[in-house]
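What follows is a set of structures for review.
There are two complexes below, and they share subunit A, which is joined by subunit B in the first and by subunit C in the second.
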Partner chain A sequence: MQKNKTNKAIAMGLMIYLVIPIFFTLIYSFAAKWQNTLLPEGFTLKHYIQLFTTARYFLALGRTMFSAAISIIISFILLVPVIYVGKLHFQWLDKIMGKIILLPFALQGVILAVGLIKIYSGGPIAISGTVFILIGAYFVVILPYMYQGIKNSIDSLDVKTIAEAASLLGASEFFTFFKVVLPNLLKGVTVSTLLSFAILIGEFVLSNILVGGNYETVQVYMYGTRGVSGHYTSAIVISYFLFVLIISGTVLAINKLEARKG
Partner chain B sequence: MSSVKIENLSKSYGDNKVLDQISLTIDNGKFVTLLGPSGCGKSTLLRCIAGLTDVDEGDVFFDDEAVTNLRPERRNIGMVFQSYALFPNLNVEENISFGLNVRKLDKKIIEKELKNYISLVELTGKEKAYPHELSGGQKQRVALARALILKPRILLLDEPLSALDAKIRKNLRLQIRKIQKELDITTIFVTHDQEEALIISDEIYVIHEGKIAQKGNAEIIYTKPVNSFVAGFIGNYNIIEDTFINWINNKHQFEGQFALRPEVIKIDNKHEEKPEHLTVKGSLRDIILLGSIIRYVVKVNEKEIMVDVLNENEKSMYSIGEEVYLRFAYKKLQRIA
Partner chain C sequence: MKNFRYIMIISPFFLMVSAFLLIPALSIIFNSFRSEDGIFTINNYIEILGSTFYLQSFKNSLIISLESAVIGLIVSVIASYAIYSLDNQLSRMTLTITNMTSNFAGVPLAFAFMILLGNNGVFTILFKALGVDVFSIFDIYSNLGLVIIYVYFQIPLGILLMYPSFDSISEGYIDAAVSLGTSKCYFWKKVGIPILMPALTSTLAILFANAMGAYATAYALTNGAFNIVPVRIGALISGDLFLKPNLASALSVILAAMLLGLNLISRRGNHAKE
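On to the complex of A and B.
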């Protein structure tokens, strides 16, 4: 009992610690003026009205979502077959991959960005400043999370025996992959997908240096408005936060529903 | 249904020779068990028959057709794995009809077959359940139906009962045997459990270090082990060597090694002369209660001999440390290599 109470207290403390900044950002975004007083001197919706009538904000939001989603989808499409085939036929590959996927941790944003610009501003693949370089960089950033998620999912499925069972039932590897392996993976990788999504949505360094104003993401847009009004920036943060919350909530809810089914 | 013939099959992993020149023939409709300790090669042999493992040397025939180089999906084999290997995203019906759907059969035929096989493995009412909602025994019955519905030439069972509790295991092995007889399907069963093998099989191959140590029906394997490995693996044979022999009524000369089953030895607190019997004196070291059987461990000339006695009384008639006489008919001594 005592232990349970302590756990609860710790959890509550953490919750408060995490929620406080968002809570005050929320209040700040509704405040008309809040400078020398303990509480705001009145509330207003004008920052939100201003935000929701700004097309540039929605375009930036769309670009962020698009680049993040495309990176995750490409990552999934490329990694799943590689890990699956590796698990079935080339077990030694896992050791090498395990080391390679740690590289993005060593090469942080700024280092990666400068290097990428150097390579891709000329030569046969001149994609510097376009969405392509951003997606490419994002792919690298989320590689460790996606790889681990997919690998754990495949490991927990015992794919080798399942693939053998399916082949004895007359199914081709292709058929087994689409009918059995893939549907099971989709459920298993939700967490790593959401994690990757969250990382990309909060990512600023790469998008600012690699594409900047050429492909303005929410992060870059927000950075640009920091001088305009703190209240306005807060409104961006809050609406952006709610937007992400709704997306993650929906994905988790769908996942839970699916889990109950099978 | 098919007969199976294996000729000089060998398989190595690196320097480790897992199968060494194995040859065997299994007749149509027989239930054959490959029995041996883990690592003896029995599962590898089964996987070679299924085509899941390539062979280095030798051939596999179904009837008289060589299938050695045929891919597993073309061999028309049913296989059940220890880990069930059900498809977690498909329900019982979808799992069982998987193979029929691969073959793109008519919906009506699939439905009819499904009904038959679901009732054969007694899963009626569970059609829509997903694997994670089933018990181990139910999962294994789904796996069995999934294999049988394709009317395979041969059914391979790779330790299908090892992951189950004792009670379910006993029920399911009887059920497997019943279904096998009903469908008259050639079946190869792999296990490390000698009791399971003795109960279920028409014929048993005891495998040891990649070779067949002995083949025969349950009675032969149990009563006439050919070497000390089989004797040690089947039952709890006492291995008696010539040097040990120090009989009270020494009328017979022996040479070599002998196996002696614990249940053929009589234990007594006095010496009694009986024709054709041998008696030896020892001291009681331990008494182990095995339910219906009491096992006495008796030390004779520095060697421990096990004696099994039916547990008729609530209390043991002897106490530890006591001097006892062991007596048995000498024709019960089984000479081994």
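On to the complex of A and C.
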């Protein structure tokens, strides 16, 4: 009994610790003035009104979502054939892919930026400062997660049996892929897609260095407001975090649903 | 003929990977051996090894990463065990909060800690009212401050990595050991910790790498003034003063090698578990 109490206290302490920074940011975002007093001197919605009437914020949010969505879609469209063909026809692909998906861990954040900026700042493909370089970089960032998600999903489908059965019944490989495999895959990769989305929304270093003000993402916008007002910035932090919460909440709900089914 | 078709289907992926991953990787290595005028040299590495400034950035990075990883690991092991031993509802709630706060990192996290512990921070004022000057104990804009902020994002990650491995130690083992007359302490020493060992090393390596590569938190906290390796690299390719992309490449090669090494260690830990 005593032991259980200690465990409970540890869990409660952990929750309080994890929530404190977010909680005070929330209070701060509603505070009218909170500088030298113990408690805020009055509350206001003004920072949120300011935020929700700022077109620049929504444009930045839109850019983040657009570039994240496009790179996830590209990642999916390009990865699925590789993993599918690897599973059915080219077994050697698996080994190569295992090596490739290690690389993004070495070329993390700022290191990837060093490599990309040098190649794409001049020369034949000068895409530095445009959305294209950002999508390419994001493609690399989410590669390990997308690969693992799609691979797990294809592994669980037993595509070999499906392909054999379908070809016995006279269906073309093309038909089998689009009518049987793909619909099942789409269900299986929701979690890794949302995880990738959450990662990209939180991405700062690549967007700041590669595109900066030319294609302002929500993280870069947030960073830029640091000098304006702490209250306004905290309103951005809170609305951004709410957005991430919705995404990670969806992931948790899906996982729970899957666990119940399994 | 059929194989040709398959190769056509998979080639766009390899084109994209080459353009944005393989060629950049090779270019970083290649450029790290060139002077800013384009002459082949190993001077970039010599400059790093001879510069107290760059050596200090490595020292800072290593110390901050190691400290935050060790503290993060210890807390997450204790917390994971507590969560594991609790009844369903409270443990699920704790895990949900852990999961959700694991996304709170980088720029927003730095801002939140400035609100808490900055010059006019909520806690700074609170402690001042109690007659304690927070900055005399620790400064949020110092090494120690950065460790404290890093620990915040290490703990959720550590718990998410450690928690599943407690499944391999069932309460039955402990009961069996105790009823056979051993002490709990002895059980953990001889059975519990050896079972957890692969997960512990792999989690420590991941947390360490996680902090070594982190850029946004430190950058946002001090506007890029903090001397850690990722921030140094960033300043050399996008600062306002002098850009030295090839020197940045040499720093990147060293950092990437460290990150890759840590990743391999974590993978070995995972394999041992299977």
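The rule is simple: the second predicted complex is superposed on the first by the 226 of 262 C-alpha atoms of A that agree within 3 Å, B and C clash if a C-alpha of one lies under 4 Å from a C-alpha of the other, contacts with A are read in each partner's own complex, and residues count from 1 in each chain.
Keep this in mind: contacts are C-beta pairs under 8 Å (C-beta built on N, C-alpha and C of every residue); 3 or more make two chains touch, one makes a residue touch a chain.
Everything quoted here is computed from the prediction, not taken from an experiment.
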Would you check which partner chain A:D158 touches, where first means subunit B only, second means subunit C only, and both and neither mean what they say? first
After the superposition on A, what does A:N184 contact: first (subunit B), second (subunit C), both or neither? first
Would you sort A:I127 into first (subunit B), second (subunit C), both or neither based on which partner it touches? neither
Which of subunit B and subunit C A:A106 touches, first, second, both or neither: second
Going by the contact rule set out at the top, does A:V140 touch subunit B (first), subunit C (second), both, or neither? second
Name the contact category of A:L59: first (subunit B only), second (subunit C only), both, or neither. neither
With both complexes overlaid on chain A, does A:G230 touch subunit B (first), subunit C (second), both or neither? second
For the three-chain arrangement built by superposition, which of subunit B and subunit C touches the greater number of subunit A residues? C
So in the complex, the part of subunit B that touches subunit A is made up of which residues? 50, 52, 71-73, 75, 77-79, 81, 83, 85, 87-91, 98-99, 102-103, 130, 132, 143, 146-147, 150
In the complex of these two chains, what residues of subunit A are touching subunit C? 3-4, 6-8, 10-11, 14-15, 17-22, 24-25, 27-28, 34-38, 74, 78-79, 81-82, 85-86, 89-90, 93, 100, 102-119, 136-137, 139-140, 143, 198, 202, 204-205, 208-209, 212, 219, 222-223, 226, 230, 233-234, 237, 240-241, 244-245, 248-249, 252
Subunit A residues within the subunit B interface of the complex: 157-158, 161-162, 164-172, 175, 179-180, 183-184, 187, 261-262
Subunit C residues within the subunit A interface of the complex: 3, 6, 9-10, 12-14, 16-17, 19-25, 27-28, 31, 75, 78-79, 81-83, 85-86, 90-91, 93-94, 96-101, 103-109, 111-116, 120, 122, 125-126, 129, 152, 155-156, 209, 213-216, 219-220, 223, 230, 233-234, 237-238, 245, 248-249, 252, 255-257, 259-260, 263
